[in-house]
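Input: structures, listed below.
The same subunit A turns up in both complexes below, where it pairs with subunit B and then with subunit C.
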Partner chain A sequence: MAERGRISPTQATLLMVSTVLPTAILFVPPVVVRRARQDAWMSLALAVIVGLLVARLVIGLSLRFPRKTLFQYSEEILGRAGGKAVGLLYIWWFLHTGALVITDFAALPCIALMPETPFIVFFILGIAVSGYAVRGGLEVLSRYNELVTPVSLGSIALIFALLTKEMRIERLLPVFDTGAISILKGSATPAGWLGEIVLLSMVAPYLSNEAEVARVAYVSVLAVGACVTAATVGTLLVFGPDLTGAWVFPVFSAVRSVVIANFLERLESVAVSVWVFLGLAKIGVFYYAAVLGSAQWLGLKDYRCLVAPTGVILLGMALLCPSTAELFEFAQGAFPVYALTVFEVGIPLLLSCVARIRGKGATGGA
Partner chain B sequence: MGRRLGRRTKGQEDDAVARGFADGPLSRDLDANLRELKAIFDRCSDVVFREFVFAQCNGTRLALVYTDGLADKAQVSDQIMRALALEVPVAAGGRRIGKGRALEFIKKRGLCMHQIAETDRLQEVVRAVLSGDTVLLVDGHATAIVNVARSPETRRVADSEVEPTVRGPREAFVETLRVNTSLIRRKIKSPSLKIETLRLGRVTGTEVAVVYIEGIANDKLVPEVKDRLGRIQVDGILETGYIEELIEDNPWTFFPTVNITEKPDRVAAMLLEGRAAVIVDGSPFVMTMPNLLVEYVHSTEDYYERFLFVSAVRVVRFLSLVASLTLPAAYIAAVSFHHELLPTTLLLSIAAQREAVPYPVLVEVLIMEVLFEILREAGLRLPRPLGQAISIVGALVIGEAAIRAGLVAASTVIVVAVTGIGSFVLGYRLSIAFRLLRFILTLLSAALGLFGLVAGMAVVIIHLCTLRSFGVPYLSPIVPTTVVDLKDVVFRAPWWAMFTRPRLIARRDRTRQAPDLEPGPPGARSRGRR
Partner chain C sequence: MRGVAIILILALLAAFCGGCWSRREITEIAIVLGMGLDLTPDGRVGLSLQIARPGAFYGGGDTAGGEGRVACWVVRGEGETLEEAAAYLAGKVPRELYWGHSVVLIFGEEMARRGVGAVADFFGRKREPRETMWVTVAEGRASDVLECHSVLEKTSAQAAAFLVTMGLGTAVRFREFVESLADEGVEPIATRVTVREVGVTPCPGEAGAVGPHRQAETSGTAVFRGDKLVGWLDQAETRGLLWLKGRAVGQVLTVRVPGKPEGWLSFRARRQRAEIVPRLEGGSVRFDVNLVAEFDMVEQGGIGDFAGPDQIRGSERLLAGAMEAEAGAVVERVRSAYGSDIFGFGDAFHRKYKREWHEMKGRWDEEFARAEVRINARAFVRETGLLTIRAETGRE
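This part shows the complex of A and B:
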């Protein structure tokens, strides 16, 4: 068994929150608002429903194949060759998304804090730090995340609470102004993000009590949905749809506009630092999934030897990513289609259908 | 397996070399035994051989062997020699007994000692003599009587110097193992308090005691502690530090994962929570394990003072924990990278102060930090009366003069001083770890600003997450979060609400006290009684 650690349901929930939220809270609001304008919250609600459906698929598979990761049960369902092919696809997806996360992660500190520092510095540090956590194993990664996530989210919530005096409820009006098509279009990107809950299939086998997997999945999707919606609506309330859609990081700009008594102001550096902690956790989850997946794909007993090579690959792939602007373009257009249809819904749906037809795994699971 | 066995025999050979003699049984012949012992104790001027005659049984010859200075001379001469040579024959009224029964008679009627033991091994005799016991050899018997009559001379139990408190017991451990165990026993008068002793160090033969409360300590903990101690094969153990470095879970870390204290009340509290303690003869410090990070933020007094006040003080301690780790780094980041972090007026005033300073802020901070470390080290090493002088020179002369001379800015001095003082709030050993990490974070933040600082802190947090002490995660109960145990991290619950022991430490008997202990006025109180 490649992973010996066990994590509690709370740790797993927080880990899943960190799998989605850190980049979502930064990149999703402008994209959604650009499409759905002040009705962004409806798009987000739709996206949460999609997220819950993906979660349902993952839960079904995990309960059907207890103590097995995606890589292990896909071989059981599709046979050796098919399973390996699916595994290879997922390794690619974890690496690719991981590299995207790393570029996202570098974008904010680079743009907001240190515009003259080259991207590669942030890449290397981000990969090295989260690689250290991955090397420690799932338990270490979850503990780091368990410590950092509540504190970071709490601070971000606090900063938003300081913004309430800038908020105007009229900025959400008129409701349903943009039409159903725009709202649907707007929900694609957040749905792609929320579908990343599919990584739970790599973590679920290591829950101390695997029966809790359903609660973990649903609670984390709802929590992420609530946080992203709160950030989006909060930003909309402060800036209105035009400005929110125009800025690169509107949530960050909202934080920047906090001024309380000439004392609490310019909190953006604090916000960025807090966000970096979260970003490291998110890189860690994808990094871990890629490393553990590769180890299981190759049939290794220990995944630690893969941490350094995977880090180098991630760095290389991150360096291939073009500018932040193109990243946004990708996040809006290709990413949801690519991630959602193939990896978050397509393959899991295929797996659970085939498992049902072939009668593999424990009955009553899916 | 074979290699392991091989190593063991090698160890035994080394043992014989270290002992300086081969073990064997005692002889029935007193002269042979004495010859052997005298050969072993050749040129050991402190070992005394005293031969005399036990008049009552046909002039059986007896010999006492003890170490001068370790054995209690008054007891040796009064309770053993005087008794056997004079008083017993008189009391027995001149009745004679045969030589064959001499040993039995001496043991049962002759000796007025509170604790005796028997042995027939030469090695045991040697060990007893060197431990301060007095060995009585009887002619015609291959068995020696070991009289435990150790000299009571030891340092007086005095006030704790390293961990002073305002409220609570003041006594501290001393260098003698027995005194230390008695200090703990005085606090916990229960037969469940177990004190198991073993000897470590092939040459020094240091006595080491493992202390725990049966039924409260985790079942797996005590065997694990004994197992780790049993693995130790070194020539000498002079302080707890030797053992600490040999039994840690993770030796490659700045952080201490075995706690050290000199206060018996602290050890008693640790034992009551389910921990084990290790006492080393010759050290006034007692190790307790498993050890958690939060222990360094807590003090014994926290449990004696009012809980609301304590909770507030702990907030201050956690703040100084963060400050002592990150303040210089954050200062550098703010001054050299992120001016927006500071209010404009403060920024201007710092800029004005730094106008005359020739160095970049990193160099400034490093100069002050190194100066501070030098002062601290000097204060530690100097004879005590001079320590005062050093602090005056350090605080007034260097601090004030450095600012006047334009060497450093006043704000830098403030930052470094606050950091230094903040680190004293924490347990001494944690502050040592933070001292080193602070330098690393300072350099990172000078290179990469806030991002460097955050990345460095993330590494520190991840490292802390990897640490375990005797299997218990170092950061628990914060992470992995044990909600009930958060009652004693920052907030300290009042004693009537401290219903359970820490979950990860005491796994068996977790209930600490009766429920519904919350006190109240006479009318309301009865509701709690069942």
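This part shows the complex of A and C:
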């Protein structure tokens, strides 16, 4: 077995929150608000439902194949060749999404803070630090995350609390202004993000009590949904739909707008620390999934030898992004469709149907 | 061997940890405190920047001793676009411009009349200027505001920002200005700033002259339609506007008591809110505006008892009437003279009648001009300060 660590359900929940939330909170609000305007919260609610359905698929598979990751049970379900093909696709997707997350991670400092510093500096730093955690194993990654996530979410909540005097509830009215089509369109991007809960299939086997997997999945999807909705609505209440849709990083701009009594202001340094803390965790989860998946795909006893080469591949892939315009177009437009149809719903659905038809795995699973 | 390698690596890393990349030493940057935009005679953009001289800020308090050290420097660049003008300034300012501390954005009158949408984009897109800076329009040239001198503050840009923050007039942050530029249901406003003779410098001070002192003051509201300045409101009209916006806290309202010579009373608003209720009846639009304000009595001119419950009730009626008159006058004036919906009637209508709004927003200007506006104010007097009646009242 490549991974010997065990993590508690709480750690797993926080890890799953960090798998989805960090980039979602920065990249999802503008695109949802552009499509659904002040009805963005409805789009997000729809996306949470999609996220819960994906979570349901993952839970079913994990309970059916206890102590097995996606890579292991796909071979059991589809046979060796089919399983390897699915595994290869997921290795690609983890690497691709990992590279996307690294580019996202670098985008905020590069665009908003340190324009003279090239992207590659943030790429290398991000990969090196999270690679160090990945090398330490799932337990190390989880403990790091357990340490930073509560502090990070607390700080962001506090900053939004300080913004309440700038908020006006009228900015959310009228409700249902744009129509059902726009709201549905708005839900595509957040649904793609929430579907990343599928990575739980790489972590679930190492839960100290795997029966808890359902609670972990549902709680993390709901928590992420609540946080993204709160950030989006909070930003809408400060800026209104036109301006929220125009900012590159509306949540960051909202944090910049805090002015309390002429001295409590310029809090964006706090937001940037949060971004770095959580961004590293998110890179770590995808990095870990790619490394562990590759090791299991190759049948290696230890995955640590793959950490450095995978880091180099991630760096190379991240460097392929030619401009921030391409990054936003892909992350907010193409990625949700690509991720949702194939990796978050398509393959898991196929796997659970085939498993049921062929009667593989424990019948206790849904 | 391994230990030595680690020590070497750490030593190497330490060399890179000096924080030298993207660093900005205070001695190498020029801190922009205020920005002014004027139209040049040939129709290009003139960008005036008030730049701090950090040396003059040391020590706090007055720059005592009559050294005549001026705390700032104003430079101007021109270009087809703002970024061109800023790039041109790089040849005049020997340091890197740092925009993050600029507290006020001033549009010159001509620039504002031509339209500010395109130049507002620059400040939203640029990473350093804050969303929270104040937006003002200068009567005349913006550079005049930056070039004048403040007696109490270090620089005129800071003085202008403090005036907007502390004063009782219109105060609009950059993000609010841009939001109302984008919003179809409300037109933008900004603080009006004028350079006038304000006060007297009694002995040779920093300005070096005895006598009347010219400096910037806030003098009302700049009214936009779309991104173009269409006119001004003076300070009395601005108060009417603030009642309608629900932002009139601190305003002082004076009423005359009927039948009493010199029987005036002054009240200060301590809480205030406004609600616009649109009604659509048979194709015609009506707005009921409900104003609510709580006042403290702050000054009594006439002799008599105005602090009893009955008298307070009388004052409340007078105050409500005064609020209605002020708010109604400004609505009529802005509608007839400027045709601009700075009050957000369109937004209020949109919130209640979203389907009708999407059909009417193309001809909203006409609908707004035709709409009936009914203003209904309620005033409450909460306290009378440390006195109940004026002390001489007992002799009456």
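Quick note on the criterion: the second predicted complex is superposed on the first by the 366 of 366 C-alpha atoms of A that agree within 3 Å, B and C clash if a C-alpha of one lies under 4 Å from a C-alpha of the other, contacts with A are read in each partner's own complex, and residues count from 1 in each chain.
Rule of thumb we're sticking to: contacts are C-beta pairs under 8 Å (C-beta built on N, C-alpha and C of every residue); 3 or more make two chains touch, one makes a residue touch a chain.
This one's a predicted model, so the numbers in the text were calculated from it and none came from an experiment.
J.: Which chain, subunit B or subunit C, is in touch with more residues of subunit A?
T.: In the superposed model, B touches more residues of subunit A.
J.: A:Leu113 contacts which: subunit B (first), subunit C (second), both, neither?
T.: both
J.: Of the partners subunit B and subunit C, which touch A:Leu147 in the superposed model: first, second, both, neither?
T.: first
J.: Please work out whether A:Cys305 is in contact with subunit B alone, subunit C alone, both, or neither, and reply first, second, both or neither.
T.: neither
J.: Have a look at where A:Ala362 lands relative to subunit B and subunit C in the superposition and call it first, second, both or neither.
T.: neither
J.: Of the two partner chains, subunit B (first) and subunit C (second), which one does A:Gly240 touch, if any: first, second, both, or neither?
T.: It touches subunit C, and subunit B stays clear.
J.: After lining up the shared chain so the two structures overlap, which partner does A:Leu319 touch, if you call subunit B first and subunit C second: first, second, both or neither?
T.: neither
J.: A:Val129 in the overlay: touching subunit B, subunit C, both, or neither? Say first, second, both or neither.
T.: first
J.: I'd like to know which partner A:Phe263 touches here: subunit B for first, subunit C for second, both or neither.
T.: In the superposed model, A:Phe263 contacts subunit B only, not subunit C.
J.: Once the two structures are superposed, pull the subunit A residues common to the subunit B and subunit C interfaces.
T.: After superposing on chain A, subunit A residues 113-114, 117, 121, 262, 265 contact both subunit B and subunit C.
J.: Touching residues of subunit A toward subunit C in the complex: what are they?
T.: Residue positions touching the partner: 111-117, 121, 170, 173-174, 176-177, 238-240, 242-243, 246-247, 253, 256-257, 259, 262, 265.
J.: Looking at the complex, which residues from subunit C come into contact with subunit A?
T.: Listed in rising order, the residues of subunit C that touch subunit A are 21-22, 124, 127, 130-132, 165, 173, 175, 178-179, 182-183, 347, 350-352, 354.
J.: Could you please specify the touching residues of subunit A with respect to subunit B in the complex?
T.: Interface residues on the subunit A side: 7-8, 10-11, 109, 113-114, 117, 121-122, 125-126, 129, 132-133, 136, 139-140, 142-144, 146-148, 262-263, 265-266, 268-270, 272-273, 276-277, 280.
J.: Along subunit B, where are the residues that touch subunit A in the complex?
T.: Result: residues 337-338, 340-341, 343, 448-455, 457-459, 461-463, 465-466, 473, 475, 478-481 of subunit B touch subunit A.
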